[in-house]
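Below is one structure, written out as structure tokens; comments come after it.
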Amino acid sequence: MTQKKMALIATKGTLDWAYPPFILASTAASLGYEVQIFFTFYGLQLLRKELSHIKISPLANPAMPMPVPMPVLVQALPGMESMATMMMRDKMKKKGVASLEDLRSICIESDVKLIGCQMTVDLFDFKKSDFIEQTEFGGAATFLGFAGDADISLYI
Amino acid sequence: MTQKKMALIATKGTLDWAYPPFILASTAASLGYEVQIFFTFYGLQLLRKELSHIKISPLANPAMPMPVPMPVLVQALPGMESMATMMMRDKMKKKGVASLEDLRSICIESDVKLIGCQMTVDLFDFKKSDFIEQTEFGGAATFLGFAGDADISLYI
Amino acid sequence: MTQKKMALIATKGTLDWAYPPFILASTAASLGYEVQIFFTFYGLQLLRKELSHIKISPLANPAMPMPVPMPVLVQALPGMESMATMMMRDKMKKKGVASLEDLRSICIESDVKLIGCQMTVDLFDFKKSDFIEQTEFGGAATFLGFAGDADISLYI
């Protein structure tokens, strides 16, 4: 039986959408899948050495469970993004969900291949030294080469 | 000929993004597909007994066709979320699009399997009694077990 | 060897999320794939003759690299959406990224099939004459017919 493959495109860079690629990738790896994640657009933020800048916004997402209902205008006040981010990180920790940093490390230890989109690096003037050393760089064609033979391909 | 399979991950909980999983699932089921939907993060809201809390936000989506152009700051005023939600529901009804509740019922009658993400239930302190009785609970590994053999897998 | 196939669902209509379907489709086509894109919900905006109305919002996306950090309330001021849009278009151009119009033309020349969602056309009262002449119209069942045999299916 040949090894199963999963190809992910990670395009978001907020705290909530940072979890799905790392959770899906580490779970698939633990099930014996070969996994590659292509980080593009805002998703490239998830490959930076420091992840402390990853934030969440309470705005424009009425589906986010809030401890206290809050008018939209209040959500736009200075400091609310940081507060929502702190609350989410706290909740995750208290509930025993691994931190982003830990989930990313598990992916690396499980041989998940992490590919940074070269076009995005150029577009946003990132430096390659901003990213963790396990990052490989490539383009959409590189990703499609793998995804075309994958059993699961997801755009996150 | 073996039965085709479709695996969906539903991660959003706003009114606009509540439709795609139920529309795609019911359409696929009517074409003879075996379908499973894994509801995780905000998507879990779509399995609650009551769907009247599902809202839409006009903020941060300049692509939403609005009956009257509106400055962003006005969109942030109290009541605008409810107004946008009411307008969208009205439009859907007038145009003959089935309600969320109806689409979900069609999925259930068509044997679409609805899986709630256990980790999200724990994280947001939901109670299992909040959800419709057809909900089964599982984790990412459960979902990947099905998706790995599916003909179509989509992350919504 | 049979020709590989890729099926995309394009659901977003903002400037940032307008690029991924056209970039992935044109890249796949250049690798010899047969490609179909199903434009639904806000994604239908990407098939309009004029693309100058496609905007980006700085709101609710703390992951967007901004030249100058800006409080959320300032991002909500009148004119900021247009400013962010102008800045993004400028950046793309300066970095040599093809414009949306050009990317769409490349897709058309590469025989990428562009399908507009009939239900969305009806829902938002669009006229068929709003769309480029290469648009074909269909529903979710049409799309699934192709996606069920595709090597890669992505929901964008």
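Just so it is clear, A, B and C label the chains in written order, and each chain counts residues from 1 on its own.
Assume a residue touches a chain if its C-beta (ideal position, glycine included) is under 8 Å from a C-beta of that chain, and two chains touch if they have at least 3 such contacts.
What you are looking at is a predicted structure, and each value in this text was computed from that prediction instead of being measured.
A.B. asks: Through what angle, to the nearest 5 degrees, does subunit B rotate to match subunit C on its C-alpha atoms?
C.D. replies: Rotation angle between the two copies comes out at 120 degrees.
A.B. asks: Are the two sides of the subunit A and subunit B contact the same residues or different ones, given that same means over half of the numbers occur on both copies?
C.D. replies: Mostly different residues.
A.B. asks: Centre to centre, by mean C-alpha position, how many angstrom separate subunit A and subunit B?
C.D. replies: So the centroids are 22 Å from each other.
A.B. asks: Enumerate the residues of subunit C that touch no fewer than two other chains.
C.D. replies: Within subunit C, the residues that touch at least two other chains are 59-61, 76, 153-155.
A.B. asks: Give every residue of subunit C touching subunit A within the complex, in rising order.
C.D. replies: My answer: residues 4, 6, 16, 19-20, 23-24, 27-28, 30-31, 33, 59-65, 71-73, 76, 91-92, 95, 97, 151-156.
A.B. asks: Within the complex, which stretch of subunit A touches subunit C?
C.D. replies: 7, 9, 11-14, 40-42, 45, 54-57, 59-61, 76-78, 80-81, 119, 122-124, 139-141, 144-145, 147-150, 153-155
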